[in-house]
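Supplied in structure tokens, the structure appears directly below.
As written, the chain order gives the labels A, B, C and D, with residue 1 at the start of each chain.
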Amino acid sequence: EPALIFDLGGKFDKSFNEAAFAGAQRWAEETGESFREIELQSEAQREQALRRFAEAGANPIVMAGFAFADALGQVAADYPDTKFVIIDMVVDAPNVRSVVFNEHEGSYLVGMLAAKASKSGTVGFIGGMDIPLIRKFACGYAEGVKAANPDATVIANMTGTTPAAWNDPVKGSELTKAQISQGADVVYAAAGGTGVGVLQTAADEGILSIGVDSNQNHLHPGKVLTSMMKRVDNAVFEAFSDGTELETGFSVMGLSNGGVGFAVDDNNASLITEEMTAATDDAAAKIATGEITVHDYMSDDSCPALSF
Amino acid sequence: MDFLTLIQVLDSTVRLATPLLLACLAGLFSERAGIFDIGLEGKMLMAAFFSAAVAATTGNVWLGLLAGIASSLVLSGLHGLASITFRGNQLISGVAINFLAAGMTVLIAQDWFQQGGRTPSLFSGGRFEPINLPFADALANVPVLGPIYSELLSGHSVLVYLAFLAVPATAWVLFGTRFGLRLRAVGENPAAVDTAGVSVVGLRYAAVMICGLLCGIAGAYLATALQAGFVKDMTAGRGFIALAALIFAKWRPWHALGACLLFGLLQAVALRFQNIEIGTFVIPVQMMDALPYILTVVILAGFVGKAVPPKAGGEPYVKER
Amino acid sequence: MDKMPKWADVVLIPLISLILAAILSALVILGIGEDPIAAVNLMVSGALGSTYGWGYTLYYATNFLFTGLAVSVAFHARLFNIGGEGQAMLGGLGVALVCLYIPWPHWSLALIFASLGAAVFGAAWAAIPAYLQAKRGSHIVITTIMFNFIAAAVLNYVLVNLLRPEGSMDPATARFPEAVHLPSLHEILAPIGIEFSKAAPANVSFLVAVAACIAVWLLIWRTKLGYEIRAYGNSEYGALYAGISPVKITMVAMLISGGLAGMMATNNVMGEAERLVLNSTEGAGFIGIAVALMGRSHPFGVFLAAILFGFLYQGGAELALWTSIPRELIVVIQALVILFTGALDNMVRGPLERIFLALRRGKA
Amino acid sequence: MTAPAIELKGISKAFGPVQANKDISIRVAPGTIHGIIGENGAGKSTLMSILYGFYKADKGEVWIHGKRTEIPDSQAAISAGIGMVFQHFKLVENFTVLENIILGAEDGGLLKPSLSKARKSLKDLAAEYELNVDPDARIDEIGVGMQQRVEILKALYRQADILILDEPTGVLTPAEADQLFRILDRLRAEGKTIILITHKLREIMEYTDTVSVMRRGEMTATVKTAETSPEHLAELMVGRKVLLRVDKVPATPGKPILEIENLSVVDEAGVARVKNIDLTVRAGEILGIAGVAGNGQSELMEVLGGMREGQGSIRLNGAPLPLSGAGSDARARRAAHVAHVPEDRQREGLIMDFHAWENVAFGYHHAPEYQRGLLMNNAALRADTEAKMAKFDVRPPDPWLAAKNFSGGNQQKIVVAREIERNPELLLIGQPTRGVDIGAIEFIHKQIVELRDQGKAILLVSVELEEILSLADRVAVMFDGMIMGERPADQTDEKELGLLMAGVAGEAA
């Protein structure tokens, strides 16, 4: 029986954890089997959950979130027969598969879309908290914007510094309004539950928004430009499908293998022009071949396109 | 900062200050009657959930508002039971209510909607829409006054206007009516009220219930006017800020308005000007995040001085031990 | 003069209150369509049924002991320190700096200085609100609330920009060196032949916390300083009459309080995570308020309350692990426990007093 | 015969295990003043609080003017025409006089009309009974005498025809007390019925028609005042013979112990409270400071005791004591052997929630004999407490009892024991017997005189002229922060002092 461990945000965060849950759910539906899951409440439970599941014979054990790296590093060796999958971080151990996503690439593409959809030439980014992962999103996004429109302005804001920053839609709304007043007419939210407020306000105020992680286009049909998809669901689905035979090692989910991308569906089809599609297709292809390299904030803790 | 930006910041101030103001006045009634309430946060949260849940299921925001108020009143009743009837510790009761609301909202939301502790998004009818004051559009182009009227004063939901009206109303109730006189007296010296032949218990329950009512409106405002649905923990500490504002205001209604507007303004400014560069030095975003709190401390230390709470506050009224 | 024997007050009332809270919790569990008996079994066996469970229960309890003691000490001086959270965060910073930048030959030395670092940082964070209260009369409740937010911002900045190892995703410091690893209860108990779970995070700082309990007890009830703190807390005028300086007591009580809250970091940062992560305190500062209030600001009461909350945390984790009950249920149970044992205790006391009075009359 | 205005039948009341009232019956005829006396804790206040609906009796009946009346709360008592002035006033301190008077007796939902109506009737009442008060003054800005008028006005405003006064003169000056009794006389003349609780037998003898004596929760006797004597009443109260005057030999003053020169005190609000006063207290004498409350005596005591700062100079045995900054706090004063029995024992002199033994260390918690290494030597402290309790006959002699659970007299004994037993050079003692029963008064006075006879200096502040005159060797009168005059106690009288207290300067001091 495989197991899935959600990060502190909880499994229904409408983005990252929920995507992981969706993957597991899909696997369960397709195979008719069941899996174990737990939503963490505290830091100390990371190691605890890993050990408990491993001892109970769960295999493989998938954990969603970079914060597990440290705990997994401690635990993996104690359970050599159990396979672990960690998402968003690399842990070097023989029985661990590390799945990382090129969020900057996906963000780059939605950045291009944002720049093209923007009439004002000013686009916004709202992150949950000022942490490296969110900067990675923001940096890729800013590069994409600049690639599509070198004159465009990117306003990047962070919601806060306490855990409440991920669950404060009211603040998300106000940031959105502030960005609108500064001229932004497309905003990209990478802020968990706070993003709900961003998308809502964007819809209320008649500008476009961009969702994150899961496909959030349906939240406000016709008003969400697109969603930067981070196919955590696929990563989980694959891990569960591979089962105990799962291959360990390093796995990068990028544009080239469909690990990141953006969502187009009935809800936003009318917003994405052919020109946009063409441009992003082209960029995607070039990124895949390496012709364009999107700067990864994590590679050197800096961002040429945006200052923090 | 140009004029339009100023208007926008002030507009944002109004929105951010409204829930604080309602909660602050709520606390004012309760604490003026001698019942300390650190459960404002919980009551707001509970009301936010129930207003959104009922608005989502019925499609009627007014029913939502009522449900929000009712749920907040239930928690107030609990606080009253603990701190008035059973003369328990008011701080503990408040803490318990905060926990209770944080847990129950998600638990019930999950049970009802299976959306991970959220309510479905509210569509029109289920939300309080902005009200455009008469001639707002026509006057928008008048210099200076136009934007002030059409941007700043117009275009808020009815609950915002209600909240601001609640300030003179509170001042009038407290200082202009018999009820207010007794309420203030019971917070200062319940024995005086008791020996004057007025029920201490009755007065205190009334105060606590008004507190619940206002917290209910505050919560409903968050979930059905500012937002379009409930997200867990969406009050995000506003109840505590409201409490701080209350102390800041020294338990006075007009001062409460000032304090809440100040807190709202500080937050609005911090949100609007997140990336300030001074020469080559970029003020870190964390600094801007913390700015409202730092300034609060500075103002408190520099100008406000000592705040003396209602004398009988926090102490249960015990005649016989 | 008392209406009831002391044991009834100290044991019977909390017990009945707990039972009432349990009954209500069971109803809530029933309400969301789960089996309360099974849930309770799971919680009890998961938290208390094995050394593993105890290991986690005691780990959480250690956090709550420090923050609970912190709130209590300030409370004795009638200062409501809501800033335990921020002080504990800063304490974490103190521990991290001590552990990362000084090569320690042995953990025991490291622990002593890390405790010191944690206490100094925590106390420093309490010092400003304390000073403002003492000198300017700025209400300590507001200032400590504000300082929690400011602490979060400071920590966020420090972790993201200063202490994070280059290229790391995690807004966290590097792992502390092996030399400062604190022995877990397993490592402590093994030499004396007691088998304690290897996996559980409870560590030697639990003993530090127990020592802190005793120290606080001695401080408050056996020293002149404690006497002055209590006197000041009971009567400001009285303090003046007795030559007790309000400024001094406010400062000292808050510094001790902040120091204790900061020392929590020896458990969660040094003992468990062995690095400083962003949200390492996880609300333990606020739980500390509940713990102190429930424990009636007495170290022994704080000890029991901390264990109770540790039990709820760990039992709740087990519940989340093996059932589909949402984790918020635990929050509700905590709320009910706080409510019944802390705020509604007179509901039980009243009838009980009447029973005891009747019994006494009957005998007399 | 007309029905009694008040008749209580078989009233019993227990507070938990304490039986405060046991099967009490009493009749009070209309148009009379009925006194109630008894030791601290005898149950007087409880009985009257039951009549006023503040407490509920466990058993018993209340009859008002011959009608059985249920009094479940104070509202019912007010309706039945009962008004009560409590021992500890029940006023809202930050309200105005007017607001306090209408509280609970407003005429409608809005304040304004009620206030203006009350303002008018207040004027009438004031004129009728000479009860002048400023209706717009805040309670915390007026003196206790004024506050008491407000309480009486509250009752009259509610048209009470039965008025209960619980120790009304404890805080009044003689002049104020005289005026109070004039008012009571007039009320009686109007046919109102008055119940007066007091510890002062003189008041009973002078003003009451009948008197009841309570002892340990029981009503032990009711007699016509004309048919009894103070000695007899005292004996009924305490159960033994009591010495009703201070027994002392003339003082033999020695060298100056305390020398005050040009001392001034300005309070937090910037008001000058003590104005350039000079005083000397010698070894072996008691200097009494008389004065109407609020004329700077409290501030004087507080400066001397190290509780507030002042300007000027004070010397103890020739050595200067700092008046501000380091070394001017109460701890330093104690180190200099200045003991201080504060005026307000409950607010300052005791920590009400502390055990008796903890209170015995209060202020002396640094004393070496209470230390054991780094810790306090609690065992020694408890032993010391037991000794002091035995010597001062504190009841119950239980070191573990919290201060709040002692009666006022016994609380005072604990404070006095703590301060006197330190064998100070100088004893500052304020209102030593306020609200204390005659048994305890006798005892406390004796202790003070004994200390004097050991050659110590004593500075006594009291608003009781009687107490000052009988206890002090020399009397200084304070008015508006200044010393109006000094007299040897045996060469002056209440009349002269009364004039000085009113600010009428006498011949050169």
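The working rule: a contact is a pair of C-beta atoms (placed from the backbone, for glycine too) under 8 Å apart; a residue touches a chain by one contact, two chains touch by 3 or more.
Here the structure is a predicted model, which means the values were calculated and not measured.
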Farthest chain relative to subunit A (centres taken as mean CA coordinates): D
Chain pair showing more contacts of the two, A-B and B-C: B-C
Centroid spacing, where centroids are CA-atom means, of subunit A and subunit B in whole angstrom: 34
Intercentroid distance (Cα basis), subunit D paired with subunit A, Å: 75
Inter-centroid spacing, subunit C versus subunit B (mean Cα positions, whole Å): 29
Computed distance of Cα centres, subunit D from subunit C, in Å: 46
Touching two or more other chains - residues of subunit D: 16
Residues of subunit C whose C-beta touches two or more other chains: 149, 152-153, 156-157, 160, 326, 330
Set of subunit B residues in contact with two or more other chains: 117, 232, 237, 284, 286, 289-290
Interchain pairs in contact, sorted by label: A-B, A-C, B-C, B-D, C-D
Touching residues (chain side subunit C, partner subunit A) in the complex: 56, 59-60, 149, 152-153, 155-157, 160, 164, 166-172, 175, 199, 201, 268, 272-273, 275, 277-280, 282, 313, 316-317, 320-321, 326-327, 330
Partner subunit C, residues of subunit A touching it in the complex: 8, 10, 38-39, 41-45, 47-49, 51-53, 66-67, 69-70, 88-89, 129-133, 160-163, 298-301
Footprint of subunit C on subunit B - complex, ascending: 78, 81-83, 86-93, 95-100, 102-104, 106-107, 110-111, 117, 232, 237, 240-241, 243-244, 247-248, 284, 286-287, 289-290, 293-294, 296-297, 300-301, 304-307
Subunit A contact footprint on subunit B (complex, rising order): 4-5, 8, 11-12, 15-16, 19, 115-118, 121, 222, 226-229, 231-234, 236-237, 267-268, 271-272, 274-275, 282, 284-286, 289-290
List of subunit C residues in touch with subunit D within their complex: 1-3, 218, 222-224, 227-228, 230-231, 234-235, 237-238, 240-245, 353, 357, 360
